[in-house]
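In what follows, chain A forms one complex with chain B and a second complex with chain C.
Showing the complex of A and B:
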């Protein structure tokens, strides 16, 4: 409980600092609206249907991207983690693909997929793949050989071992990977919306607020909401991991 | 050695497949690697102004942003990590700030710093400081109790305690954070250049796309991949040197 109060105090301190900075003459006017203004705007926006539809669009696209990334990365991770030949063979390719920032692919994706939601979902999937893939592979490396041998002795086949032994013991790692991937995917999603002129989403809302009337308070409302989504996702997935895979 | 061969034959094989497919399809969106290499050569080697005017500033910004973020992250992280109370105050705030997608703050930074290098640095620093900071906190917390007690008994000076005991104990974690933030720096460098300036790899990419020059666009993408690979390899080499005294752990990072 004390930790909780202290945490609140920390946030309150940050808000006071921001309020003072925002009102101080040191900064150019309207560059950094103080929190009192931003929260007023936040309340207004949260009751406006168009803002809600932006938020829903981003969250929906994000969830689709995460599900697709899991569907690709977990099976590939299981294969790469349990067949060493495949792993060594693909290593150079993976090492080369991984550092290509997904935002560098924005121009390419725009040309190929256009300005619809496909573009941002594809790029978010690309960014979310790697943490899940690598965590799955490492989890299989950590697999206790004793468990595998025991299962083999009892006559479990290769596939049986993979699904009944390897996957359950890898699950906590995989979930950590998904948690990391979700945060990364959110960043990519908002960036693509911001830069690639998609027609809906939090990033688009921020872009519009900035370029048209220069409403920095709305820009910060979008930012705060995006941050809140990130916190919710992160804590939610952490809780899932603790509750259901606490072995 | 066979692993090395296995690795690079598959890589080379895929490049060959791409080359053949590119030839056969003759699709302007997917030029074969040979054309991309030629375009890269003409673009950056035959016109050195392009290299010094765009690639070099990008890399300089990336590295300086990363270094600033690392210094802030490590020093703040070690402080917070050694004080449970400070961490209780700061934790919820850190969780929230970390979750903010840094590109969303680009408009704010644009107004505060005007378009240009300082705005780009601000974007990079804000985006990559969190992995270093949080990993440093974790590392500083994991200092062995025996070491803590021993140092207390010998009453070693404060700076020696921080630099000689806490920092080495935290360094494996710190390096993991540094690696994550280095690859993130590359992402944020590109993002900040897509909006903020008219020079840099990111703005060249955008320009190539606008001029429908897809071969150059691919050259830019490949360059970023090579850059990311090179930076990561270099940091790994440094890490192996610096952490040579550590018992081999398989603490490979995922990100």
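Showing the complex of A and C:
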């Protein structure tokens, strides 16, 4: 509870600082609307169907991207982690692909996939793959050989060992990978919406608010909501980990 | 009595290190046999070849029964942390219908006195209790042969006595055939109907001794029994005789270490 109170104090301090900075003559007028204005606008926007549909579009695309990334990265990680030949064969390609920022792939993705939600989902999947993949491989490296021996002694075959021992034993690492991946995917998702390739989503809402009416309060509403989605995802996944894989 | 396990000229070599140098022995049905030898003499390799985890370089292992179970020394790494105690005991029974699995796990947990801990996670239990879960898991599998690799080497002295007596009780009640690998001479005499004494690396059979003690044993009276003391000395002499000096020292150091563990706990 003390930690919680301190957290609240920190947030309050941050808001006061923001309020003061927003009202000070140091910044050009309307460049940084203070939180009192932004949160008023947030309440208005939260009752607006068009804003809600932007939020839903981003969250939905994000969830789809995370699910696809898990579906690709976990099985690939299991294969790469348990078959050394495949791992060595793919190492060079993976080491080349991994450091490419997803945002640098936007032009390519636009040409290949067009301006629909496919582009932002694909790029978010790309960004989310790596933390999940590497955590899965790492988890298999850490697999205790005695657990495998125990399973084998009790008549468990190779596939059984993979699904009944390796996978559950890897789960805590995989979940951490997913948590990291979710945050990364959110960043990429909003970036793609901001830059191109979307007619809906929080990023698009932010872009529209700035370039059209120049409503900085709406820009910040979009930013605050994007941040809130990130916090909720992170905490939600942390809760899942603590509740279900607490060993 | 029929033979449950027959080991014939079993040898195993890792690279150019010969771990086991041609072992032949049998374990009769219902018998509790202890394999005792110095630390690092290839006892674990012997157990791994018998359990089928490692294919031996030469020789034969034949089990006259359907399947075997193993209890490892390191219980904390041998129990699945994501499964409950019950789930761990049910693990070898996956092919059975759910109701039967449940019943057999509950029964085995009762045998080892852990009927109330079924829903706990292994890591919520003490070391001794975790090893009892591992024993329950092995018993629930109803093995033709129960293999135990230094099963009580990682618990404190008090718990060790309790677990030794628990093993003697359950194997008597359920007529289980048991092969215990240990480096502890006293333990081998206290538990065994027979003792196989191994020499140092590569492991060779030095002696095959009957234990002339009654089936009912007691931690206090049995250990002061003349036959117990005599056999213990005999095994100790066998383990020291005919071995290079270096190995004797290594073995003595290991014994001191286990002794100081016992004293400190």
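To be clear about the criterion, the second predicted complex is superposed on the first by the 246 of 247 C-alpha atoms of A that agree within 3 Å, B and C clash if a C-alpha of one lies under 4 Å from a C-alpha of the other, contacts with A are read in each partner's own complex, and residues count from 1 in each chain.
Simple rule for what comes next: a contact is a pair of C-beta atoms (placed from the backbone, for glycine too) under 8 Å apart; a residue touches a chain by one contact, two chains touch by 3 or more.
This is a predicted model, so every value here is computed, not measured.
Per the definitions stated earlier, placing chain B and chain C onto a shared chain A by superposition produces no clash, and the two fit side by side. Taking the C-alpha centre of chain A as the apex, the lines running to the C-alpha centres of chain B and chain C meet at 90 degrees, rounded to a multiple of 10.
Judged by the touch definition given at the top, the superposed model places A:39 against neither chain B nor chain C.
In the superposition on chain A, contact of A:146 is made with chain C only, not with chain B.
Of the two partner chains placed around the shared chain by superposition, chain C is the only one that A:168 touches, whereas chain B remains out of contact. In the superposed model, A:27 makes contact with chain B only, not with chain C.
Taking chain A as the reference chain, the count of touched residues is higher for B when chain B and chain C are set side by side. By the touch criterion stated above, A:2 is placed in contact with chain B alone, chain C being left untouched. Closest contact between chain B and chain C, by C-alpha atoms in the overlaid model: 20 Å. Residues of chain A that lie in the contact sets of both chain B and chain C are absent, per the superposition on chain A. Put simply, chain B touches chain A in their complex at residues 3, 6-11, 14, 29, 85, 88-93, 95-108, 111-112, 183, 186-187, 190-191, 194-195, 202, 205-206, 208-209, 214, 217-218, 220-221, 224-225, 227-229, 231-232, 250, 252, 254-255. For chain A in complex with chain B, the touching residues are 2-3, 6-11, 13-14, 27-28, 30-32, 85, 88-93, 95-108, 110-112, 130-131, 134-135, 138, 141, 176-177, 180, 183-184, 186-187, 189-191, 194-195, 202-203, 206, 209-210, 216, 219-220, 222-224, 226-231, 234-235. If you check the complex, the residues on chain C that touch chain A are 51-53, 67-70, 72, 74, 77-78, 80-82, 91-92, 121, 123, 137, 141.
Those residues of chain A lying in contact with chain C across their complex are 144, 146-147, 149-155, 164-165, 168-169, 171, 245, 247.
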